[in-house]
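Common to both upcoming complexes is subunit A, partnered first by subunit B, then by subunit C.
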Partner chain A sequence: MFKKIQQKILPNEEKPEYNPPKIPVPPLKNDFINELKKIIHSPADLVIRFVTNNITIAFIDGLIETQSLDDNILARFEDTSDETPSTLRERISIPEVNVFDEMIQCIDEMLIGAVLIHINGHPQVVLAKIPSYEKRSLEAPENESQVIGTQVGFNESLNTNITLIRRFITNPNLCNEHFTLGKETRTSVSVLYIHGIVDEKHVNTVRQRIKDLDIVDLIDSAILAELIDDSSSSIFPQTLLTERPDRFCDGLLTGKVGIIVNGSSMGIICPFSFLEFFQSREDQNLRWPIASFIRLLRFAAIIVSIFFTPIYVASLTFHYEVIPQPMLVPLSESRAIVPFPPIIEALFLELVIELLREAGARLPTKVGQTIGIVGGIVIGTAAVQAGITSNILIIIVALGALASFTTPNYMMGNVIRIIRFPIIVLAGFWGYYGIMLAFCFLLIHLLKQSSLGAPYLAPFYPPRLKDWPDSIVRLPLPFISRHSVNSRSRKEIEKSKKKKNTKKQRQNSNLTPENKEKVIE
Partner chain B sequence: MKKKKWFLLFVIACLILTACTEYRVLERISLVTLIGYDVEDGDVTATSVVRQINPEFESSIEIHSETAETSKGTRVKTDLQSAKKLMAGQLRVTLFGDDLAKEGIEEAIHTLAMNSEITTSIYLAVVDGKSKTLLEGQYPNIADVGQHIFNLIDHNINQQQMISSTLHEVVRDIYASFRDFALPKVKKSGEYIDISGIALFKDGKMVGSLPASDSFYVLLIRENINDGTLQLVLPGELAESSKNPPNYQPEELPIAIDAIKTKRDLKIINENEIDLSISLDCRLLEIHSSLAISDKKITEKIEKEINKKIESEIERIIKYSQEVNSDIFGFGEHFYAFTRNSKLTEEKWREIYPNLKVNVKIDTEIIRSGVFE
Partner chain C sequence: MKKTLSISESELINAPLLFFIINACQIGVGIHGFQRLIYQDAKQDAWISVIISFIFAHFIVFIMIKTLEMFPSNDLYGIHQEVFGKFIGNFFNLIYIFYSSFAFLVVLKNYIEVINVWIFPNLSATFLGASLLMIVIYAFNGGFRVLVGICFFSFICTLWVPSILFIPMEYSEISQLLPLFDNHLKDIIKGAYAMTFTIIGFEIINIVYPYVKEKNKVQRYVHLGLFATLLLYLSIMLISLTYFSGPQLEKTIWATLNLFSIIKFPFIERVEIITICLWMIIILPNLCLFAWSTHRGVIRMVNISSKKFIWIFSTVMLIFILFIKSRSQINHINNIFSHFGFVVVFVYPLFIYLMALIRNSFLKRKRTN
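Moving on, here comes the complex of A and B:
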């Protein structure tokens, strides 16, 4: 069923290229203006000016830099009748000046910040690109905050974002491939990778998937991420969406492919494994024992978050035998006046927590915090006093919610929170057996997932010992191989093969120390 | 696609067609924490300590006592008295009255082991007297008699002052052909409950008992231990080697030691003789201050005296167990395990055991003589 939907979005057969009808540029001044107005439906922000008798310029207000227009274009015009597009092109002193003879192409360029210069009697248009990017200034990333590390986030401009990346990686091998996506929006998309580090296979996959996309619009990178996922029906994200340029560059440097969409403040990094979602860039910046502790804490938090409430429900509904004796009295006393079975009680409280979270996220910032805190306290205390829930469950549910927020990635944090509900239901129906069933399903699902064809549960399944030092712990940097096995280039694979072979040779033949050195060399 | 439909059908069938598990919501059941069995004119009397959870945010303890032909029958009868369903999953201790123990408790233990609800880590114990009188007695200082008896047995076993008697171990001893089991004995003494000794069983019937003070020796013979305190009275001559003999000339010299590490070793000599050697690394806890324990010679002397004393005690205990013919130490098992093509049978071992010659040898070493802060 899901595959069918996917096929609708991603047709396998060759799709027709975007081929608009070609309209030649009319040589006469008035014809040109009429044609132009007809094609773009004479919008209010279209500016048409007659500079001299011969020359007409047209641009969209706000998309170009007026300073540059004055200094570099208008000042260069001479009132001569023998002006031609080629002479004009030479005189204008801005980097990108082109001559086109086709209307649609010209208008496309005009819409991203070019000035059209038409000379009466010539069937060509000179295009001077002086785009102005209205953009947000660079700010600290709000959703992925870090204590230690760079405090700069991506903004909505593609160019600024690529500039940021180039500041981090000054390397001629940093490749940037440009795509235009969306029939209506024609959004610019850049695919970035470092040649020589990246696995070419992944670049080809990304390229292929983006080319195969047949979409109408593209507003945010999150949509693109979902479209190029291996399995869009899975609850787990398979590509990382990050607003941190340092995390993005970290991905590129470990051999991953990055995608940036114009107008979106989040970059996509793929392939990404399950474990990496629980790692933060900050782990690299902290001392390794501390980073390891924090990582272990995060993984403990996932387990607490997913299984704590279900275990409570199952124990109280079916398995009263396993409750330790000292816990027995407090547990049963707090449950004594609750009229519902534990599963209803737990689902109710979990829903309240989710409501509070969602309300906190949607409300205006100024109201949001108050509602969150007051709502939590009022609902929590009042529910216990009214005898709807037991206070021990409130602690457990709050702990689970708190634990889920330790996940550094918002997308993954959501998954961890939502995945609890089916497990609670199963625990309420079948007890520990239900929890085990849910766990098995979860594991099977995770094992089945892949990200750009790379295994999702790496480095644990398939076991890649080389990546273990940087998995649930972070060992000192010398132990960590910079390029994870999942995403390493051909060159490196061959290198490691060679190493293996030389090792074998050394073992096979009894070499003298002198010869040994030669082999190593 | 067809495959998927079948899979979906399978999942839905799994969800819909499975029967419901029995709901056992914690606050809607009564938890039996302790059961005591007695025998009365051939019928079983079960006295159960039940923890009731009340909506008034308090839990109370109820004691029910019913008589029926089977233990299940007593449970049905007790259920008739109780507002909530009785569940035995939180059972911690099972007690057996004196009379029942003498008649045989193997059947009762079998019933306990058969019940999957009951954990095999519950403790079994024998009551000196009737368990009903023990449980129904008034104890002003004890809030929950079930919990109290559990804690009493549990901490003594953990500190290796008493032999361990979990259901698991007892069942193991029953199934082992050449081994008898022993249970701790509890006793009501006024307003308190004591552990009074060890009950020795033969073929599931209680045949004798040892005082609680002997439990350290029994443990020493049965297994390797690493805890447990022992008080010994050594002859007074030791004091002669003290710093100022004229002032201090007692007849007896009491000392206390605790075991740090013991190792028991059995060695078969022939089919009627066995060597039991125990090495005991211990710590000297109490001794008269005038004795120069820093002197190695004196320490060696003390060690020797301790050896002698423990040897005699152990010989006495083994002799007693031979008299009642209850092999609680598992010598028979050792014989069977360490003899090639052993043709030992249970009946044969019963004949051999009373006349078995056990050569006891203790090797004490005082590792530390007091730690000062």
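Moving on, here comes the complex of A and C:
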């Protein structure tokens, strides 16, 4: 149904491609300057300088490196009248110098950090690319912190992010395809994958979906992630957004496709399965029994987080007989003065927790602590004393909220918390039967989802026994086939069929965390 | 309509999944109270009846798959049309469609009855039916792979249930199984016949077969699935026979649920309330695959989209549910269904196998001539 509505909102008609009018470069100096100013509406940061009688240079202040301009361009000019664009091009000693004869193209380049050099009398412009990237320094990732492992996160510059990835994977097979997205913003987007490991099918899908996009602006990778999702109407994220380069490279090395958007500090990894959202990079760095324990803990946390409050509501509304007598006494005592039915009580408390979380996320860090105190102590204790809620429900709700924060992915953690609300309502009306309805609905919904056409519930359904050692537990590394069957290329499958040099291959492809750290050092 | 199926590569499933399909389709509402029906005939040898019925089921499944192997890319509906021609074939198809939808109705109504009796006496059957049908519609629209996925997760989610059934064993009395073979063989066979209602479900292989990737492994996994069900039924039967006394068992409609109800944990009592609700995920594959089986037959005769079909089908089923009200009516319908099911599942495959053999040899002779 959603798809139909979507199609109505966004009619899928073929739109004409973006074709700006072609304006030739005027040969005369003054004409060139006038034309230039006309096209980009003479902004205040446009710099036009006359170097000699013949030569004019133009650039946008702040987008280029002035040091390089002095050393490599201005110092190379000779005051001769027989200067031509081609001779000038040879003399300028920077990597990227081009000659263009079309104004719009020149200005596009100028806006990403090129210097225009115009010689009077020639209908061409020499373009020297010396962009300067204003960027934040590399910092530890804040949203996906981990105790053991590399402490470096992406920043907002596309080039820096790709450099970071190349530090991890020094491999000629690492492919980088460039796209420009957004009619107004013209944002650079890079699609990365490792040739030979990746399933070409996935690369083609990503390429096709990006090419099919017809959008006005692209400010963040999260928007791109939603746009290329299989089903954007689902509440579940189908692509991973990560700010950790090691997680990103992990994805590439397991045969996934990565996307980096300029100006966004989060990379996209796809296809991604439901289970992988609950795994953390750190699981690979810890010893396997500990990693397995933590993973199992996380899965228990999901179940607690989704079903604990609904079970409380259902039990106290309909199924008193399920609770043993010794437990029933404290429960009814704590509920004795509460005037509401359990469903109202639970919804109220859940909303309070959500309010606290949202307030904590929006406020500055220093005030955020105060919010914790206000919420936890003042509202919690006062609500019980005022007789609005029961003690036990506060414990259950707090436990549920706490459990939802163990999910290593912020997007998925949100989902886990939000889907509790409809289940509480169903539990309040139809008890365990309502919870079961919600569970079945959820299960079918998850079964229906796919990520880039790959099944969302893999490796459990369809069952891929080979991937099970690295699913809800993590067995020792030799048990883990590095590339999940889901995203292996043909070549890889043939190799494993032959079963030759399997051990060697595993060692090669199994970049241990220690090695990776060495690489980044 | 077209005679052979065209199934896209993405719709095919791996043979091991057949294990879950067979298992999920067999276990449904019958397991709640099959002990009484069998005990009535076979007394303390009821467990032998269970084994006999399964031996017969294994044989029938073997014949079924042999028949299907003669027409590798066709389901039972297509075989009907090929063997009997279009007109008579469609008549048989109608019977099978009727059987599938009847099975759907019986499963749905029995589950609603259990919920009404054990948990929510006041919740209307219309609501329960409608909510279950909504889930079925939602699953059905996901396509065949989603339905198989439900079978798989139905198995996984309920793996723990049999293990807690061993708790009542501490009150069981082994001597109640003695004397062995005290009853007449005829009674034991009769008991096996009474198993029909509980054991059927594996005939879904008739429809699933063309969707399986590795056809040579079908036999193995279908028999494995059957065997797993046998183990479950047999252990429940043995526990019930030793836990309940004879007259008690004759009066208990839902013996398995009664077994659940005495289980106690420090934090939970009356486990049957939880398991009955959990049973939704066990009957869901039943409902989905029976609806799907009906759909496969209907599209051979009428050109209808699957979305339209499931809505019409669900509406019809909901109307039927409203007509069946009392427990005696349900018993009556269960009775009719188990006789009808015996003919369709246990007798008819032999007939169609013979017909297919005759047709094939006839065709061969024709070709050599």
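One rule holds for everything that comes next: the second predicted complex is superposed on the first by the 480 of 521 C-alpha atoms of A that agree within 3 Å, B and C clash if a C-alpha of one lies under 4 Å from a C-alpha of the other, contacts with A are read in each partner's own complex, and residues count from 1 in each chain.
By definition in this document, contacts are C-beta pairs under 8 Å (C-beta built on N, C-alpha and C of every residue); 3 or more make two chains touch, one makes a residue touch a chain.
Because the structure is a prediction, the values reported are computed rather than measured.
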- Message: Looking at the superposed three-chain arrangement on subunit A, would you call subunit B and subunit C a clash or a fit?
- Response: clash
- Item | First, second, both or neither for A:85, with subunit B first and subunit C second | neither
- Go through the superposed model and pick first if A:430 touches only subunit B, second if only subunit C, both, or neither. both
- Message: Applying the document's definition of touch, where does A:440 land relative to subunit B and subunit C: first, second, both, or neither?
- Response: second
- Task: Considering only touches as defined above, state whether A:316 meets subunit B (first), subunit C (second), both or neither.
- Result: first
- Task: Could you tell me if A:331 is touching subunit B, subunit C, both of them or neither one (first, second, both, neither)?
- Result: first
- Query: When the two structures are overlaid on chain A, which partner does A:342 contact: first (subunit B), second (subunit C), both, or neither?
  - Reply: first
- Segment of subunit B that clashes with subunit C, given the candidates 25-33, 151-159, 169-177 or 313-321: 169-177
- Item | subunit B and subunit C contact sites that coincide on subunit A, given as residue numbers | 318-319, 321, 323, 430-431, 433
- Task: Could you pull out which subunit A residues touch subunit C in their complex?
- Result: 318-319, 321-324, 327, 430-433, 435-437, 439-441, 443-445, 447-448, 457, 460-463
- Query: Across the complex, what residues on subunit A touch subunit B?
  - Reply: 1, 315-321, 323, 325, 328-329, 331-333, 335-338, 341-342, 429-431, 433
- Note on the structure: The answer for subunit C against subunit A in the complex is residues 13-14, 16-17, 115, 119-120, 123, 128, 131, 135, 138-139, 142, 145-146, 149-150, 152-153, 156, 264-270, 273-274, 277-278, 280-281, 284
- Residue positions on subunit B within touch of subunit A in the complex are 4, 20-27, 29, 31, 51, 53-59, 87, 89-90, 92, 117, 119, 147, 150
